[in-house]
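Data block below; observations after.
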């Protein structure tokens, strides 16, 4: 059995958490801190610890208190309020990789879409956002299809009946990461309706992440985009 | 068994069922026999009893054995195999009322769509069928939208992710009766995914019937169409 | 953000939402703003934008803060507190179309029934309300059946065991739009019990909308009523 | 196998089952054999063992094979095919206790209603059956209400939307034992819809047994009826 | 068809509710007001209206505010805090009918058990309470079985695994009304676990009411007890 | 990262399965073959392969065809029909370890209980079976409690309301492995009711395995029993 | 039948609860008070009553108010905040029994893991904690496997996808008590996802307790550990 | 709005289905025929129609009858029995695109894994299969990790507790398409347990398709792989 003896220490032991500095190298992505259920202090301490060896970090499901605690110790951190994310990156950080489209069915789906977009941008991927293109107003969506088709991967975010990914996947030939949201009421059962709809899509080229999991969708799109041969020539834009 | 002798007859007492001859007058629709769980003989006996006072009858969820039993006693009955329906109507029967569109997402949804169509036709409503217009091939659906829009009411039948009614309701201004079907597998859970999607549609102008309930959708569309002011001039077609 | 500049305007771009001025023409209904999850300011801004091109608007799922924000900018708006709706309409607005019955099983179902009624009235449909006619006190319902039967369409609202639409549909020959409500406790599971009961009704002529979706039921009833040949001569009543 | 020799016999040890001869005395009801999952031989052996010390026995969920095996060894047994029950009782057995009403919404609910009725009759209770009185044809039910009201307890059997017990309980002042059946399709989910409806009834005076559990309802009604002061004077009828 | 023409007015119209003064006569039980979702003022107004024609009333799911509003107008009302009930009864009211046992598995189940007990007492039934007799401490339950057996009907209240009614029904020969409670956590899913256990009991003589529905269980037990031939001679106790 | 280079081959590669000869040493249990979904030939081939290096093997979920195929190649194999198991063991095999009690609520639970017992015996554990001790006949269970208490671990098997483990755990001080079975109907939902009841037990000292998973329960009890200090002196019995 | 006559009084009657002083002797574990739903005063009163006859007590699901009330009356009590437990034990209390491993997948699972650990320690079992060893960072877990393997029993706590027990059970040969937690979001449905995963583990040697039930897991592990022959020589550690 | 006027005919109208010859060009994938629910004749006719304009086609969910019908008309078709697929491709077809790993937890998951592999190969992608690497035998999986890591995308197929994708995603830095299978029993609820586990994975880089949807996973992996910059130099292998 593997004993782990001949390897460098697994990470920094903080008492309440073990920070895995090796992750960025192993999985091609900055370390991420899931703030929900963590005190602002704990979240900030973990972030600082990570930054001793890395130049960037992403904190998700963060509220204003988490942001305040992190900003007190890392002044160049940035709080993305609607996305509930905090990012720390070098000032020279650019999103220079190929384009990913983040498409949201309705305005209520924007927090989840933003979480996906922030996740992609901190990892250096260019993101184009498309909003309010739900299937009940099909002309809005059709007007944007050509632009969406230009991306290497598509994150499609929708609550309620969750039909957006199915319609999109029938119109484009790029992988669609579908994110059901808990937007809805009654028999949406907290996003279950949208989740089931996306899993049962009659269109191929769709895979689904957990309800409201914008981070997971962004991460997946980043992995896909990482090695994709560029097929477009949009100008690069800065982000932090 | 309670005999109820001292009251006016409520209908014909067959021992195993009470036939309600008053229903056609009260609800504007021929008497209907739900065959599932009834023996062929029972179904045929009820049909014959109904025909002693009415000129037409609809039998739903009928199989070949039911059809054989009914045809033996009512030679001019007609078995609609895919719709699993048997109809009996006068030879002069025409579908002369305003148009109802019956739209099916995929070929696997056709039995349910057919049940809706047969239900409408036996009640005298004109029906136009649209097939294989699922949302994954949006151009097929868009090519038919103008024709669908001409109907007074729309029955939209879909399994899997059940997105068709949402897309349709965003494109037309007529009431959409949505019918989820049990077509699908895995997390469709026997049509639950489509049902939830339809109930949670982001588009207004949709109401839903039970999974695979083509009859219920046809009946509802018939009630809607019954008093609708004609707005089109399609040629009438005969049916039986 | 995608700017779409090289295409004809799809509507007004507000940054956080795209207003669809064409909807009223396309679907026969005023533009609607779903307030839940929107800030009072955003809701008011969208309402004002709509009113630059339309003479009326309906805001649903609105609370007192939404009402205050809208009234500050549109003084002739009206807040329907129990229905959680805000309506804006010209002073000359009359509900002159054919009659729709809105029937509520219990007093706890009234907010949902009111949402349906307000939705119908803003679109110009006459509404008659029937309350506290649950199936456990059948004589109350039977006493009102003749009046309900006079309507062109019926919105039936019920929580708990959700039996009202089944009973109604057996008594009248008009389409019944069933609205399950989340009224109940224990094994009502937030309205699931009523929803399932309505979907499984032994009576035909029923179609169902989402739990607590009074707006959806009103909208559907409006579409049905829109083209219905008038069959009654009730005096018209004003609404705003 | 544990032999328990140093204790008084708990019943007869058959190897595969322990017969409890004391049950009739302790719970006021004959011993019952649940045949589902038992071989015909095992069921017959248990029945014979019971009859060594008792004069009657009830076998439920029995099929034709069970019936054949029992009749081979107990010629005066009786197979109630639709009820899926076998009864053995002395030839002098009469159903002389107060009246119980067994009410079935539709013909498809009859097997479950019959199981309840047979259960009551073998225990000596008088039963009156009412059939095809579903809530979609309310006039049929209202025509029978006075007769139903005469019973000491009511077993109300319904599938689909399961509304019958709610309506009944609002009309009578006797305890209603509600039995949901698996009759239905689609979103009835094997009787779940009816079960939830009955549990959430807006009427008081209802308690519910398991889906398709006609025996359980009959047993419960028997316990209620056992000590009820007679309030009617119907002529007694024989049964076996 | 029932036309309702030849009967006295159906009740008092309060605008927001129709009071049914005929109910006590029709169903053998005082009028009941379900306070949840009603304002304190509305609840008090309904109670006062009822008391214009009746000498007693029961209000369930009442909180302190409801109690305050009722007591301000009906000083001799009584607030049962744990049972969340308010009762009004004449000072001469005695619980003189036969005995009902109300058995609670754990102390957390007491509010529901109390609601059942208060419901029974306001209707004149004698109640004996048994507490903390869950199946994990079987000796406590066995020590009380003889006392429980003396009742005409048993209300058995339990959350968590809901096994109490099964064990009780195997020990006594009286009807058991089982009440699942939402007591529990995790996979109890708000009382669903207890509900399913009670519905699937291997013991006969059990029927189930909705989760936490102490009132429904008390009402059912009252109907059963109403006409039961007395079989015991416990001293009568007063209640109000 | 672990490369596996410095270790002996991981097992025999059969093409369709990799046999893990190291498992018995690593986990203290013979290799097990899950036959469901495997052809008789494949199951037999795997068993023979295992026996090239081990002296015993257990095959679960085996039917008669699996048994025939194995017996053809391993004549001293034994088919336990009701347990759906095949065992191969040396003729000198004895069940000499401490005692485990396998308790089944009803006769219909015996196949699952047998699977647990066979699993224990092939691993050398002594097993005592207790049958037909469901909670509805509590006296049968109480009569056996002292004998059950003598075991080091208890496997408690029950379907329907699944109360047996709760009652047992309150009576003994040994770990109870609870096995819900799919025995039941209606709202048992394939064993879900029993599963939830066991998970929500008010008694401590219970842990639960999957529905019908007799093997899993036996395996768990074996692990517990393996190192338990003997506390009894029952005579050892042979098994094969 | 058990009559309870020849035994000492069943416990102290506190009016709102019956304290069972016999439990420690009967089940090998100190009396436990479940605080959820109990007032601080009631919890403290029960604890004091228990301490009149026992030298230790465990209170679970306690909040700060419960702790304050108990400490006011039992100054040497100890509040374990994260575990939500209060313990009272003699100052000489040592955890001297064999080792149990309590393994938590993530930091968010620690409250549940702590409840298990405190439960074990108050009963005298030595506990070793392992944290942040979720399956997504397998190297962390593999580095700790040898230490985990040294325990007699393993409590494995995990939310989200709940895979930890499956992986652990494949690596060690000791019984694994799996505790799903409600940690997660979206389609975790309050821990249901982890619960189902653990019940369906492809590894044997796992049994599952209720969601978040750290106490139940600790209790079960204590029962297993109680009679296990020591196989290790870790130094004993004190606890209180 | 899209009017469809200026485009070539939408496909061939077969009466029962509309073949979409444009799909391969639009979505980068051959046309696919879902055979389930189609007669062998219909499936073969559609395949032949497709082959009039394309050089390859994939038929999924095909049984032996479908295969026979297709082979009769297209002799160079190939039936992949375990994958339930039929493929038609030119004899010169090679799988020359970058590598995709298809990893199956157990042998019972192979049909679904095969469907994914066949889907990939017909579209020209190289596939490497890894079998029997479930998490309960972690060493088997670890031995294969380096080989899996060489792929551009990973399809991970697992039933039961569905932990494989979580463990894999923690070990590699490539996108993982997770496919839950219906392999399991009891509380696997037809694959629901595995589905929920995969959606709730604690590891990032996973997206999920429907239960048993090997085709969907293969299609998604193909889209990802299509534009991926080659990073390996495995020898190409032929397929048909």
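Per-chain residue numbering starts at 1, and chain names A, B, C, D, E, F, G and H are given in the order in which the chains are listed.
Keep in mind that, in the parts below, a residue touches a chain if its C-beta (ideal position, glycine included) is under 8 Å from a C-beta of that chain, and two chains touch if they have at least 3 such contacts.
Please read all numbers here as calculations on a predicted model, not as lab measurements.
Q: Which chains are in contact with both chain C and chain F?
A: Chains touching both chain C and chain F: D, E.
Q: Tell me which chain's centre, taken as the mean of its C-alpha atoms, is farthest from chain C.
A: Centroid comparison gives F as the farthest chain from chain C.
Q: If I superpose the C-alpha trace of chain E onto chain H, what rotation angle comes out, expressed in steps of 5 degrees from 0 to 180?
A: 180
Q: I'd like to verify one number: the distance from the centre of chain D to the centre of chain H, where each centre is the average of its C-alpha atoms, in whole angstrom.
A: Inter-chain centre distance comes to 52 Å.
Q: What whole-Å value do you get for the distance between chain A and chain G if each is reduced to the mean of its CA atoms?
A: Roughly 37 Å separates the two chain centres.
Q: Measure off the straight-line distance from the CA centroid of chain B to the CA centroid of chain E, and report it in whole Å.
A: 45
Q: Give the residues of chain E touching no fewer than two other chains, as numbers and ranges.
A: 1-2, 137, 186-188, 192, 195, 199-200, 204, 210-211
Q: Which of the chains are touching one another, listed as pairs?
A: A-B, A-C, A-G, A-H, B-C, B-D, B-H, C-D, C-E, D-E, D-F, E-F, E-G, F-G, F-H, G-H
Q: Going by the contact rule at the top, pick out the chain G residues touching chain E in the complex.
A: Within the complex, chain G touches chain E at residues 1-4, 7, 10-11, 16-18, 20, 23, 36-38, 180, 182, 190-192, 195, 210-213.
Q: Using the touch rule from the top, collect the residues of chain B that touch chain A in their complex.
A: Of all residues in chain B, those touching chain A are 105-106, 134-138, 160-163, 166-167, 169-171, 184, 186-189, 192-194, 196-204.
Q: Please give the residue numbers of chain C that touch chain E in the complex, ascending.
A: The touching residues are 107-108, 110, 131-132, 137, 139-140, 142-143, 183, 185-188.
Q: Show which residues of chain D lie in contact with chain E when the two form their complex.
A: 26-29, 32, 139, 142, 152-153, 172-175, 177-178, 195, 199-200, 204-211, 215-217, 219-220, 223-224, 227-229, 231
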